[in-house]
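All remarks here apply to the structure that follows.
Labels for the chains are A, B and C, by order of writing; each one numbers its residues from 1.
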Amino acid sequence: MASAYLDFIRIRFLTMLAYRVNYYSGIVIYAINIGAYYFMWKAIYGSAETLGGFTVAQMTTYIAVSWMARAFYFNNLDREISNEIRDGSVAVQMTRPISYLMVKMMQGLGEGVFRLLLLMVPGMIVVTFMFPVSLPTDPVRWVIFFVMIWFSFLINTQLNLMTGLFAFFVENNEGLMRMKRVLIDLLSGVILPMAFFPGWAQAALNWLPFPAITYLPSSVFTGRLAGGDVWNALAVQAIWFAVLIVPILLMWRAARRRLFVQGG
Amino acid sequence: MQQMIFNLSLFREYIANYMKTKLTYRADFWVEVFSDLMFSATNLIFIFVVFQHTPALGDWSEAEVVFVYGYFMIPYGIFSTFTNLWNFSERYIAKGEMDRILTRPAGSLTQVMLENVDPPSLIGSLIGLCIMGASWSQLGLAFHWYDPLVLIVMTLGSVLVYMGLYTALATISFYTDAPTGIAPLMYNIQNYGRYPIQIYNKGIRFLLTWLLPFAFVGVYPASFFLERHRDLVMAWLTPVMGVIFWAIGLWIWRRGVKRYRGAGS
Amino acid sequence: MLAIDVHQLRKQFKVQKNREGLKGAMLDLFKREHTEVMAVKDISFQIPQGEICGYIGENGAGKSTTIKMLTGILVPTSGRILVNGFVPHQEREQFVGSIGVVFGQRSQLWWDIGVIESFRLLRKVYKVDEADFKARLVELVETLQLGDLLNRPVRKLSLGQRMRCELVAALLHNPSILFLDEPTIGLDIVVKTEIREFLKRLNREYGTTILLTTHDLQDIEALCSRVIMLDDGRIIYDGGLEELKERWGKGREVQFQFTDPISLLDVSGLTSGFEGVRWTKENEVTAKVWIPRELNVSDVLSRVVGSAAEISDIKIFETNTDEIVREIYKTGSPEAKEQAKEAVRG
């Protein structure tokens, strides 16, 4: 059973390897994004020493590590799921003796592991040479960071599953998927750390799952969060992971009922 | 010329069909409009938030950056309306719908473009125009009789730059049906064309000016109207670059179609 | 005049090779290997105007690839094609105005809107005159009995209804050649018959040349005077359907129903001594015997009837096209080998 799921990871990993243009363009995307944001932030800082509590060095590291983390947690499961729902193949998948949602998650993980090993690691090495990135020396912080981006993956994937499953209930969830993507990039802290938002916005964001995806792990990595705050951040991620299970299961149950009643 | 009239008459028919389709899915239409607006809103939020912490980007003020963003939205909306090729590979190559296109007596690219027209994107252009207008008066820019004409020419140039690049990009699917991930790459890069080009280093500036000339869909043409940053040479290069890249895109498309292999056996 | 003239047509595809396992995949990331696959191997044939020609072959024999080259969708690797006097892929836009195409598995029509809207749009695309369009539509709608379907969206049509609409869509501009790729696939027998009748009528009344690929040999029997058979990218037979039966329909089949259960061994024993006779068992009490043309059917019959086994029923079958085709594929015809040699020499 578990080995079947592991196989889904492996197969997706191999599939990703097979698309080599995709791989190379991925490298270029991340390099350009990090580069462009680096220069933009340099311009934004101008002559200022710190902005929003970030020093220039911290900001550079933050950008680099956020994009690299994004490489790991990012996937298009929402699109895959809604395509499979619309072309009806989800019904076939449901007849298999394994959980559809778990399969999807494993496929996302295969993608994530692929990018982690073949994109993030070499990318991080290149980036540290090109830009003034300062990596933490404390091994504990590295370990915690990897645990945290694992949660980032889980939470982001959960949001993707939910957006994808919406295709069961509406004719077209294209707009919703686009919206989700934009929201995650803006509100998770990839393009703008939470600390830059006005106070009321930060307060509001604390009640949303988005900062748990990028802002928290990257803050820990750059040393913006330390000591007890680190465990706090980890707890926030774990709570969001647990909380998001509920709507997914509810949606899934409703979806199955719908499928059985309408016959796909 | 006759070809042009024929294409225009086709355009009318396709739009009519589009409307009929959309009337059956009315909710989708509004969802799409709304998500487009959200998307623009987040970009503006980024600008506003950033300028809460700094008075200037390079030496561009907030209103100027917003002005460029307003301009950026206009050609982008028009381009998205007519060149909605995001799922070209999946729909036309993998599913083989290109077969059908090629058995009809009209230009293949024309048909693909018309089958995917997406008028809701035009609302983005309208909003861009409003943003530009608002920043215009905020900046106290003078208004000349020729400004609207220049805006039209610049917009056309920018739209052609987009169309050429994305047509060339879609053509890749004729050579490989594997996902290339280049579309999101382009999409990412184009967004940097709406910030002052001066803030980037030489490499990125070169890339955005000559290789993937997305500076011509934003900052260069918009600079024409901003007296303080006016770069007449680069601004007037916009229509030129548009024509060049559009021609390249078309040429690549024509070659690519010959390589079409059909789906299945 | 020739409707279709094909000379030494070839199509080669480059196929990516994926190496096995993680290591192979890693290697593929840096260096790709390709193999060339020849889907159509230097075929030549001519089809005169007004003919209905069946184009048959197993999956992957190269049928669709040929049709796609003939309709200007694919560009041939080498060889010459002339359809209606055009080189399809070179003068595509003018050329396709004179042909009609129906791909059984793919729709020409817009999914979400009424069928009539699709027709109107196609009228524009094909630059058909309004008056001609109306007259033509009335006629087609009547012969194919589409009257009340016209305002329904395509997604609400049954496959049979959709297929008839596809035919209308392909014929609105009155093409002189009609290409059909699996036109009856997935249809029930009633609709199949209707479509066959319609195609015959079209050919009779307008002299439309029809080239169709099919897996259903009944299509061929009902429609085609001529058959081109393809195997592995080569033409292995090109000629009349009757001649095909004559040449390869080498025997007849007789089905016996016995009163008592029999075994294959028993019945085979009955005809020992007859060269080439083949028995197959249908069920407990029924068996079929295939008799080669050289033998006299009555000789075999009398031997079986004269035996101790009690027979309750006898049926004699002429071998059908299905049988013949299967036979040809199984053995590979002498003609194919001949052609292959020629291709090597040429």
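Observations on the structure shown:
As a convention for this text, contacts are C-beta pairs under 8 Å (C-beta built on N, C-alpha and C of every residue); 3 or more make two chains touch, one makes a residue touch a chain.
The chain lineup, named per UniProt: A = ABC-2 family transporter protein; C = ATP-binding cassette domain-containing protein.
Since the structure is predicted, the reported quantities are computational estimates derived from the model, not experimental observations.
Among the chains in view, B has its Cα centre nearest the centre of the complete protein Cα set. Distance between Cα centroids is largest for the pairing of chain B with C. Spacing of chain A relative to chain B, judged by their CA centroids, is 27 angstrom.
Chain A and chain C have CA centres that are 51 Å apart. Averaged C-alpha coordinates put the centre of chain B at 46 Å from the centre of chain C.
Residue positions 25 of chain B each touch two or more of the other chains.
Of all residues in chain A, those touching 2 or more other chains are 18, 23, listed in ascending order. Partner chain B is touched in their complex by these residues of chain C: 13, 39, 59-60, 64-65, 68, 71-75, 89, 92-97, 99, 101, 103, 106-108, 110, 112-114, 117-118, 120-122, 124-127, 153.
Those residues of chain A that touch chain B in the complex are listed here as 18-19, 21-23, 25-26, 28-29, 32-33, 35-36, 39-40, 42-46, 48, 51-52, 170-172, 174-176, 178-179, 182-183, 185-186, 191-192, 196-198. Contact residues of chain A toward chain C in the complex are 13-14, 17-18, 20, 23.
Residues of chain C that touch chain A in their complex: 18, 22, 25-26, 28-30, 32. Every residue of chain B that touches chain C in the complex is listed here, in rising order: 6, 9-10, 13-14, 16-17, 20-21, 24-25, 96-100, 102-107, 111, 258-262, 264-265.
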